[in-house]
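Before any comments, here is the structure.
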Amino acid sequence: MLLILKPEAKPESIQNLADRLQSLGFIVQDILEEHTHMLLLAGDTTYVDCDQFARIDIVDSIMKVSEPYKLAGRKFHPDDTVIDVCGQKIGGNHFAVIAGPCSVESEAQILAVAESVKASGAAFIRGGAFKPRTSPYTFQGLGLDGLELLKKARQKTGLPVVSEIMNNNHLEEFHRDVDIIQIGARNMQNFSLLREVGQLKKPVLIKRGLANTVDELLMAAEHLMVAGAKDIILCERGIRTFETATRNTLDLSAVPILHKKTHLPVIVDPSHGTGSWTLVEPMALAAVAAGADGLMIEVHNQPEAALCDGSQSLTPENFEKMMKKIFRIREVIAE
Amino acid sequence: MLLILKPEAKPESIQNLADRLQSLGFIVQDILEEHTHMLLLAGDTTYVDCDQFARIDIVDSIMKVSEPYKLAGRKFHPDDTVIDVCGQKIGGNHFAVIAGPCSVESEAQILAVAESVKASGAAFIRGGAFKPRTSPYTFQGLGLDGLELLKKARQKTGLPVVSEIMNNNHLEEFHRDVDIIQIGARNMQNFSLLREVGQLKKPVLIKRGLANTVDELLMAAEHLMVAGAKDIILCERGIRTFETATRNTLDLSAVPILHKKTHLPVIVDPSHGTGSWTLVEPMALAAVAAGADGLMIEVHNQPEAALCDGSQSLTPENFEKMMKKIFRIREVIAE
Amino acid sequence: MLLILKPEAKPESIQNLADRLQSLGFIVQDILEEHTHMLLLAGDTTYVDCDQFARIDIVDSIMKVSEPYKLAGRKFHPDDTVIDVCGQKIGGNHFAVIAGPCSVESEAQILAVAESVKASGAAFIRGGAFKPRTSPYTFQGLGLDGLELLKKARQKTGLPVVSEIMNNNHLEEFHRDVDIIQIGARNMQNFSLLREVGQLKKPVLIKRGLANTVDELLMAAEHLMVAGAKDIILCERGIRTFETATRNTLDLSAVPILHKKTHLPVIVDPSHGTGSWTLVEPMALAAVAAGADGLMIEVHNQPEAALCDGSQSLTPENFEKMMKKIFRIREVIAE
Amino acid sequence: MLLILKPEAKPESIQNLADRLQSLGFIVQDILEEHTHMLLLAGDTTYVDCDQFARIDIVDSIMKVSEPYKLAGRKFHPDDTVIDVCGQKIGGNHFAVIAGPCSVESEAQILAVAESVKASGAAFIRGGAFKPRTSPYTFQGLGLDGLELLKKARQKTGLPVVSEIMNNNHLEEFHRDVDIIQIGARNMQNFSLLREVGQLKKPVLIKRGLANTVDELLMAAEHLMVAGAKDIILCERGIRTFETATRNTLDLSAVPILHKKTHLPVIVDPSHGTGSWTLVEPMALAAVAAGADGLMIEVHNQPEAALCDGSQSLTPENFEKMMKKIFRIREVIAE
């Protein structure tokens, strides 16, 4: 960490500060760069809340240099993490697609979709039982009944289940019934939820928040790992920008950037990322070409009747066509 | 709601769609604007998830026209809401300042700060007992002990207590001990938390999320009100933009815009909004000049030793100086 | 265009306004949607500055419905535009790569790069003669000498030349010597430059501005077309967002969105879009997979010695490797 | 400047790089911070394009530490610049308001507006003769005739003239007839225009670009100063964000931040900053409370008939009322 000092800082004050920092356990180096005087702190800054240094009267600003994510970062864990869920792998050289409806609506619906996405090559079934709805007036999900239906779908098809947890009300059921617990974009910085879910030590899929940087996504993964989770999938799903032509702006450069910073698998959700089914295929293909370890795609057998997000869901037919191209793009990339 | 049709839509298909919509209970008007064909739906769209219409094959896009917030909006509630908490009022013509440290650290600290901010004219004491920390390694707050200390501060000074709830683990204690329950920016769209806190029917202070629009803030207030809460304070605290010179970009135009759309009081937090104590005063004065019903200011008696956010906290002396100017600006505005 | 009226608007005032608008030549329809009263204007709003309507006392807000880009949009020109420059085609089914150094530095450099990119399959050579530099202290480009060197490169390799024009100082030389005139992101809304360049009636490559929407990019193309240009290539090169891990956030969804709205070819510049050479290949492959009609890639034979943007340039060897994968991805997409 | 090295960098390679940098004239310090190895370069990096260092194979990333703006920054020019234009001062303790219509439409209009704003306390008259229009189909301004009318207004009222230059076509007329030459937001990084206008050595008002940081605004001022201009007024006019309730998001924290970084006066344009006349007053008052050295306000005697931006213009009556409050707020701030 660098403390950049104000130009008018007196030598005495600088010396006092250096002494104080040394007594806190830091190794302090005095540095002059062009006309700027700085103190470089070496030592473990992990447990210190360093913003307080910015407040010291002779300090103009601070710059953090080392990465704050020890467990999630590649520095200490250079090898790719490969996650194995009921035999389905993701990460390293393993590519996998998670597909299913935005929300579980009925047994017929979830079974039909599960069977068709499996036939098309999906490795996991997803479905929302508890929905985050911006409006308090719209469909909130089937709740625990929805989880039961997902279990039936798994029983029928063998596809492991991915479902989103909204809060800590049903940790037990999620622990028992769901194979990959999903934490949604709006909960990415719900730190107490991250702690409680991390303690379950199950695979977790965490979505990048609407306005969170990749570093913040990695810190959220760090929260999960400190709590005990090891198998974490990071998911890019679009960020909020000034552009209004799409619901979110899908940030595909997050894929190679995350691959560089972390050993955890990185997937992309082009359904929420674009909000429009006609954009899902080009963006899914682009995500695979960018090196994503997987995709999460919304598929519904009757999208125009869907109780949520119908406008971004693919029909099983469109999903089938898209999967063929996806595997071909993956071949080119994976060489 | 307007459904804008694709140019190639055939008259038959348009008629079929119009019939279907009428059977759903809407009044449908066929409209031709320049070269664009549209169907206008009149009727209550509140309970319908309308994105599915965007998916209909002949529909190009949809435009919503009416406001989705019935309880929070001024349309049905034109008069300003005035919130009365233990005799302290906010909203309408009543201006109030909430002040206190980012987190409660000790009895001595919270009592000292409470007394000095009261002497400077603050109407409420704030302090965090449960902290949202981006890093899992830093101070997480005193928890329930923190709430106890806030109660002591209230006992001593008479200042009502504002404190942030992070999750539903301590709803009972918050209901019993806290006068205004704060929902933080990162929880603005934690819909299940909004529902549970709303059901407590206590005053709530809800902070705008880092990347949430004012309409989304109003929908969050709507969630609280549907659940039963009536006394809601909206708080602008800065949004995320490309500018890196500040932690967030304080969006003061949210104040007059919200005043136009809603009857609820609107306050500003320039401490989190700027992240830097030297910017707090100018932005606080600006917020008052923009018509804010109140402010939330971080004050710490020893900011450089603060266990969180020290860089944005004011000393009691600086707070005192600032409050004098704040009341004078308020006089000019309130005429 | 819709004028949404204020709830308190009196019937008389509404009638007066409707009469005034009719006298201006509009067809006015009175519409009631749920509780909102609106006036719908049909008629040509192209030449009217409609923001003034927002100011009328009984008008609450306005909503524009039809697209403002007549020449650039697909509505009146449904077929893809194919641009032919000295036999090299781009658009429709034709994919092409534009490659070369950020700036032309010497004859040896530009000839070496031109030959190697041609061997790798590039269709056009690019190079900056006049550079936009954020700092007034750094290399500003070789100017007209740079254009001369690009001509030599064309002579040697047959590759048509793409180069950026900064202002109207050398319109004649650009008209004579450059095959595709490039307008940079910062000049996307330099309307007088657009007019003057459009009047040259040469092929133009226009880059999306750092914070411009796709609709604004299309309006810039509209400016060029109104002035006389027909062959316009649109280029996505990254937008400004809150993410600081990259120089810009490459918005690949702009590719399918633009393909839907316009008949003009759409290419992607992953070099400026990412600012980092290690991200160029994954993003270039992603762009092709998203359906881009082409790419613009920075290639320099000695990037660490480059006088500008060296950090994002590929070596000829890396470019060669990347091009092989690019053509394979293109095959999958183009079926 | 800091070069942060990759973890796998070998001691030999680091030594070679250090030697190379020293031969380029830098003083190189080898630094180890926690687990991160860095090279600190001291020396004048002003004329070197340092991005090339990011490309060196053992370099992971670079961090610039010192400010790049020598002339515009306070470091070498700690005292406030006070600009004197025909006796009207702005900057330091001098506050001034620039007011007038968005565009000059007729002699009657500009004279009427000039007289009324002068009576209300404005110090400068503004008016556009050359307009930047997003659409090629709308009013483009009166051109040189517009400048003539502004001169008449100055003759009649004594108010110095502020008008926007769009390109270098009329440098001579602007030099001769306009007192403060305005460079619009979209031209903030039109570096060749900045150079040509700077060479005129006249007062310049430069507007912050839609998506430019305050540092980039200061670099634009630096361009003007390197070219010869001394009297530069910086203007905040709103930035582009995800919020759609306003045309732009007015960033008032730019005022105190700029005051800290630069000696140049800082004003605010709440008219373009909000796009809506009902928001202009609260934001103007907020800007004054934030410490702005001045304001730029659009005033039109018949806004609903205005040929541009009518929705954000104030009537002379509203301007008069607002100015009274503005001077009262200024009194409180200026003590």
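Here the chain labels run A, B, C and D in written order, and each chain numbers its own residues starting at 1.
Following the convention adopted for this analysis, a residue touches a chain if its C-beta (ideal position, glycine included) is under 8 Å from a C-beta of that chain, and two chains touch if they have at least 3 such contacts.
What you are looking at is a predicted structure, and each value in this text was computed from that prediction instead of being measured.
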- prompt: If you list every residue number at the chain A and chain B contact, are more than half found on both copies (same) or fewer than half (different)?
  reply: same
Query: B-C or C-D: which has the larger count of contacting C-beta pairs?
result: C-D
- prompt: Which integer distance in Å separates the CA centroid of chain B from that of chain D?
  reply: 31
Message: I'd like to verify one number: the distance from the centre of chain C to the centre of chain D, where each centre is the average of its C-alpha atoms, in whole angstrom.
response: 26
Query: Approximately how many whole Å separate the CA-defined centres of chain B and chain C?
result: 38
Query: Which positions in chain B touch two or more other chains at once?
result: 211, 240-242, 244
- prompt: Which of the residues in chain C end up touching chain A in this complex?
  reply: 211, 213-215, 239, 241-246, 249-257, 260, 273-274, 278-279, 282-283, 285-291, 325, 328-329, 332-333
Query: Okay, in this complex, where on chain C does chain D touch?
result: 46-49, 51-56, 68, 130, 132-139, 166-169, 186-187, 189-193, 195, 209-211, 216, 219, 222-223, 226-227, 240, 276-277, 303-311, 313
In the complex with chain A, residue positions of chain D that touch it: 1-2, 4, 7, 29, 31-36, 38, 40-45, 63, 65-66, 75, 211, 240-242, 244
